[in-house]
Amino acid sequence: MSATVDAPAILKKNYLTALKEAIDEEMLRNPDMICQGEDIGLLGGAFGVTDGLQAKYGNKRVVDMPISEAAIIGSAVGMALNGKTVMAEMQFIDFISCGFDQIVNMMATYHYRTAGEVNMPVVVRGPAGAYGGGALYHSQMNEAWFCNSPGLKVVCPSTPYDAKGLLKASLRDGNPVIFFEIKELYRRRELEEELPSEDYIVPLGKAAIRREGTDVTFVSYGQNVYHCLAAADELAKQGVHAEVIDIRTLVPLDEETIYNSIAKTNRVIVVNEAPMTCGFAGEIVARITTNAFDLLDAPPVRITRLDTPVPWVKPLELYVLPSVEKLVNAALQTVRY
Amino acid sequence: MSATVDAPAILKKNYLTALKEAIDEEMLRNPDMICQGEDIGLLGGAFGVTDGLQAKYGNKRVVDMPISEAAIIGSAVGMALNGKTVMAEMQFIDFISCGFDQIVNMMATYHYRTAGEVNMPVVVRGPAGAYGGGALYHSQMNEAWFCNSPGLKVVCPSTPYDAKGLLKASLRDGNPVIFFEIKELYRRRELEEELPSEDYIVPLGKAAIRREGTDVTFVSYGQNVYHCLAAADELAKQGVHAEVIDIRTLVPLDEETIYNSIAKTNRVIVVNEAPMTCGFAGEIVARITTNAFDLLDAPPVRITRLDTPVPWVKPLELYVLPSVEKLVNAALQTVRY
Amino acid sequence: MSNKSATATAEKAEPDQQPVVSRPSDLLTKEERFEMWMQLYLARYFDVRLIKEKKRGRLRGTLYSSHNQEAIIVGSLFGLKPTDWISPIHRDMPAFFMKDIRSGWENNDRIGMSVEEVCAQVWGKVDSPGRARDNWSHIGSRSKRIIHSTSMLAGTIPVAAGVAYADRLNGGDSVVITYNGEGSTAQGIFHEAINYAAVHKLPVVTIVENNQWAYGTPVELECPTPDVADRAKGFGIPGLVADGQDVFDVYDKVMQAVNHARSGSGPSIVECKTFRAYGHGDHDDDRAARYRPEDEVVQGRGRDPIAVCRQRLLELGDIGSDFAEKWVAEGKSASEATNEDFPEKVVEYLNKGIDFAVASALPPAEEGGMWVFYEGGSK
Amino acid sequence: MSNKSATATAEKAEPDQQPVVSRPSDLLTKEERFEMWMQLYLARYFDVRLIKEKKRGRLRGTLYSSHNQEAIIVGSLFGLKPTDWISPIHRDMPAFFMKDIRSGWENNDRIGMSVEEVCAQVWGKVDSPGRARDNWSHIGSRSKRIIHSTSMLAGTIPVAAGVAYADRLNGGDSVVITYNGEGSTAQGIFHEAINYAAVHKLPVVTIVENNQWAYGTPVELECPTPDVADRAKGFGIPGLVADGQDVFDVYDKVMQAVNHARSGSGPSIVECKTFRAYGHGDHDDDRAARYRPEDEVVQGRGRDPIAVCRQRLLELGDIGSDFAEKWVAEGKSASEATNEDFPEKVVEYLNKGIDFAVASALPPAEEGGMWVFYEGGSK
């Protein structure tokens, strides 16, 4: 987010490279770590997140799996039970539905069922999100399913720095983590930034304030953070100062940062690109109203995808998704409430 | 709910019988209807909901399926595509996770993807809910996953009258419906009631007011409706008059009935037995605060399961679930807010 | 014959299969054989044009080339009844307009999509059968008996089984053909659906297009048996192996499976051995050159289905030597091939489709919010 | 041999299997054979006592009787190394405390659960290995190498494969045994997991307890092949069929599969033909009497594994005729059998377990909210 203008361009890294480095460094650090997924070895992954890893760590630790999402998850659980840490890639996060039972019933509950005997250092990660013309099955943000399945942590970074730091934290967390990568950000040039040369993590459960403001708070994550920032630019021109919070981790959620902001702004707009009903935007609104009701001068607003799948062609896709324009309008209405 | 005291006992029917009658009558009325599921024919279903149907309609229309939830859903989709109406039973709604992809990606979206060419008269129904010592995999209320998956209707009756009327409405709706039956209510004696002898439906998307009150509104569904009613009894003793709304259908939701009630009480407690985060209780709270903010004199409250699985033994199970006591306490706090 | 071989034609039927006395293809007329050859050109030309259009930046989405796999599409569709159902997936785009094309390329009443409709889908226009709400191969049509797929591989097999079940219940005699890559056979739903179909002897034919690669993963890492068709043994159903480069062998094996299905004997798997000509999708062409051994690629591309068919027609005397140098699309990549390499009829046919697609409008934005729920009520 | 037969012992190995020169059971000592007989009594007594306790209202939850299927549990566990892994499911409760019981019934250091722990689980008490958070067969233990199942049938097979993969990566030589009913083999995950294990030649042995019924559904509606073991053919792995009533035949077939796995040759399926003695669960006894043909039930129960074993011991001269009328539990239902029908050692052993369980406390309510997340951090 805060790339310094005069840093030599060569050191700046994009979101995808940050992820790749996180996996590489953890594989190096932890000899008990295994990576598995479809086409992650020989090919290096559909998007190249695991490029070069099989050559470096061998095909026993970087495994090209059959097209079997349920077995990818289930075997990761078995490896974790037997002492391994596993990064399991879903080629697109959309395909996680094919391994759903193994995630919500087998993996998520393992620690609970065993009264703590067994922990599950498994990160299921994959490219997610719309706005790229991927249509119904290459655009999903299905994080709410997992937020409603106790025992899973849920993470969604929006910057290269966070992508690397959160993925490392996830791989060290010891709990199963569903890690949503925003594929539209993988190679976005404007986001490239220098990354620390030393080992670092971004702790799970800590939000980031992306922009300070006094009049209204945007709460978001993933690529919608950039819609919020653009809306804040726009609003600033009209004299409305928006604060933008990037929650980064959905489970566990950093509520404090949100409430502190609302204490200042007294108005909040929650933004995400998942379907509205039972989505995480609603969860944030519910927590705010139950826990910070008195701070609110206006009803909290949700701007989300409509309750539809993500359609293919551009006009339809944009119609159903949050946009800068929708955010600006909502903010103006809210401050005038 | 409103069984008349002097009706001959013989005519009263329980929740399970009501469901059975709904399926039987629809099978009779609609020769293009098929029932399929595990052990639904020869055995008549694990709980007996389909008892006698195979003898009556033959094993081509009442099919004992292999233990293959995904194929049960997927083939139902194919049958619907080819002109049939299908009732697909999950032996326990918990096992729906094994057929998850076929539900959320294949079935739910079929109408949308085809710009309306194809509709999907498929009802996936099954026993759901906790409080019975069923442990993690025979106690789930996983309705939120489906509420967050556009294209599905979601229904949960709490009385015999509704069970029959809503199931019939679902089977005639033409959209895929996930139908949550509360197994703890299947044979509950106090609920038995006379059912109309003529054909009737209970329309989807219409809530019921189970008890009128002026001080606080309980919004719930399924067996928690009875916890709300018991809490209302208790509260009445303390001079607090609670209104109890049974939403009956989650998607589509009858918001009007809820807001009308809050307009009167200005206080609301939303109750369900699913995990809190991204559950439907949160969705209701979010809608209320965004759409009826000015009606609220106190922050809306959620009483739900803790964010845990449902543990097995009684003390643990009750600890994580909503109880009458928790509701009474919450209501007293709310009215004193 | 191993997974890696795309050359042999031996039959791998279960012992309880009848020995085939005469091959179905022996009964084809000269005209029919010629028509199949033309259809191979048509499928190839469609692919060539799409690649060109994509390179010129006129199309969005990923293009999964069917180059070198056309004999599977043509050979499997040719013997179907118009009322049979199919469910093509990403590598079978030509199948959408080639279903029932025997009823006349220009026949608007045939039970298959017109090339105009299919092009409208590729171009993402409102005249697509799905109004461009979902992409590429995810179209379909109830009335045209084409099942709509999702992206989730092997996911249409249970749907096909359900279609077949309903048809049988109605007293119909339709067969349902599903297409799948060899990699997709690792999915659990493949097992559930075929198991169900086998238990109920449903008329479902599962075609496995074994092009040796599932994206960047070789077949050995997807399937543990020598032939992917061996998966059939686990269900006690016929598992046939066809030479996917030979349209007549594909026709023979698929017809054998179709007859088996239509007569009430249940499902089959037909593996068609072939080789993926390019990368997994057009975005993968450069990388594929790195992860696939060059000699394998050269060998795999060796037997172009158009050439194999031409050779057969020459041998049978269906065509004379004047055809030996006519329409030499075979072996040429999309960038090499020109319109002159294809029969005029093919070029004209497709051009009409493309013109239609280009002229068609984008769907209006508000349609994004429509058709989430059916409003009509049901029986 | 058909799905319905629980009597034959023919071997159905794949052609590439070595012919077995001497059977593993030929190498068992007289003492070991006697021990196996005792273990059959132990498994039976556990079931009998649980049924009695449940009838008296002392237990909650559903009881899935392993009556008549004990030879599968005993025969499959007897040849394992202590460090091997198992994943029993609902009908295998005795397996939890019988894993590695050869290291001494009373040996607290053996790699298996004590009968006290297992009884504490059945009684829903805090001393259960899972502190009674999940029910019945869903216990397990990492250190004791028992995989915890969920209710979702066949769901432990991929987990077993993952355990095996990690073990192999560590240079270990463990084998992982998973237990499944024949109905459960219809699940998609069964296919995905065994396919994966076969591709990577993982040491996983999948035991299919074919008791002819999956709840109220006969095997013919779950599985289309004559033997459930035929499913192995789809993966090119050995599919063995054992007489599930004969503890020595189970031992032979499982050891064959275990040796195959341990030597790096990959997974196998071992189908053990048996018959479910009662209803699916104790709640189903009355209904089962209606949906299952009486003659089938009579025939299915005909060969009690304890009697089959006794007969063998008599034939081998391991026991004299004085044993012919001792401990006559076989053929008796839970309500008929008394403590006198069982060896004293068995009765005493289990009673200690039950006493422990009864004395154990319920877990405190607050534990319901604990252990959702691990707090310790990882490597």
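Before moving on, here are some points about what is shown:
Order of writing sets the chain letters: A, B, C and D. Residues in each chain are counted from 1.
The definition used in the following text is that a residue touches a chain if its C-beta (ideal position, glycine included) is under 8 Å from a C-beta of that chain, and two chains touch if they have at least 3 such contacts.
Everything numeric here is computed off the predicted structure, so don't read it as measured data.
Between the chain pairs A-C and A-D, more C-beta pairs are in contact across A-D. Among the remaining chains, D is positioned farthest from chain A, on the basis of C-alpha centroids. Centre-to-centre separation between chain A and chain C, using Cα means, comes to 38 Å.
Centre-to-centre separation of chain B and chain C, using mean CA positions: 43 Å. Shared interface positions of chain D, defined as residues touching 2 or more other chains, are 133-134, 138, 150-152, 186-189, 192, 195-196, 199, 221-223, 367, 372.
The residues of chain B that reach two or more other chains are 65-66, 68, 70-71, 94, 97-98, 101, 105, 109, 112-113, 136-137, 150-151, 306-308, 311, listed in rising order. Against chain D, the residues of chain C that register as touching in their complex are 186-192, 195-196, 198-199, 220-226, 230-237, 266. Remark: chain A residues 94, 97-98, 100-101, 104-105, 109, 112-113, 136-137, 142, 144-145, 147-151, 251, 274-275, 277-283, 285-287, 289-291, 293-294, 296, 298-302, 307-309, 311 touch chain B in the complex.
Residue ranges on chain B touching chain C, taken from their complex, read 30, 32-34, 60-61, 65-66, 68, 70-71, 73-85, 101-102, 105-106, 109-121, 150-151, 153, 171-175. Chain D contributes residues 129-131, 133-134, 138, 140-143, 147-148, 150-152, 155, 157-167, 169-170, 188-189, 192-193, 195-196, 199, 367, 370-374, 376-379 to its touches with chain A in the complex.
Remark: chain D residues 60-61, 124, 132-135, 138, 150-153, 183-184, 186-189, 214-218, 221-223, 287, 291, 362-369, 372 touch chain B in the complex.
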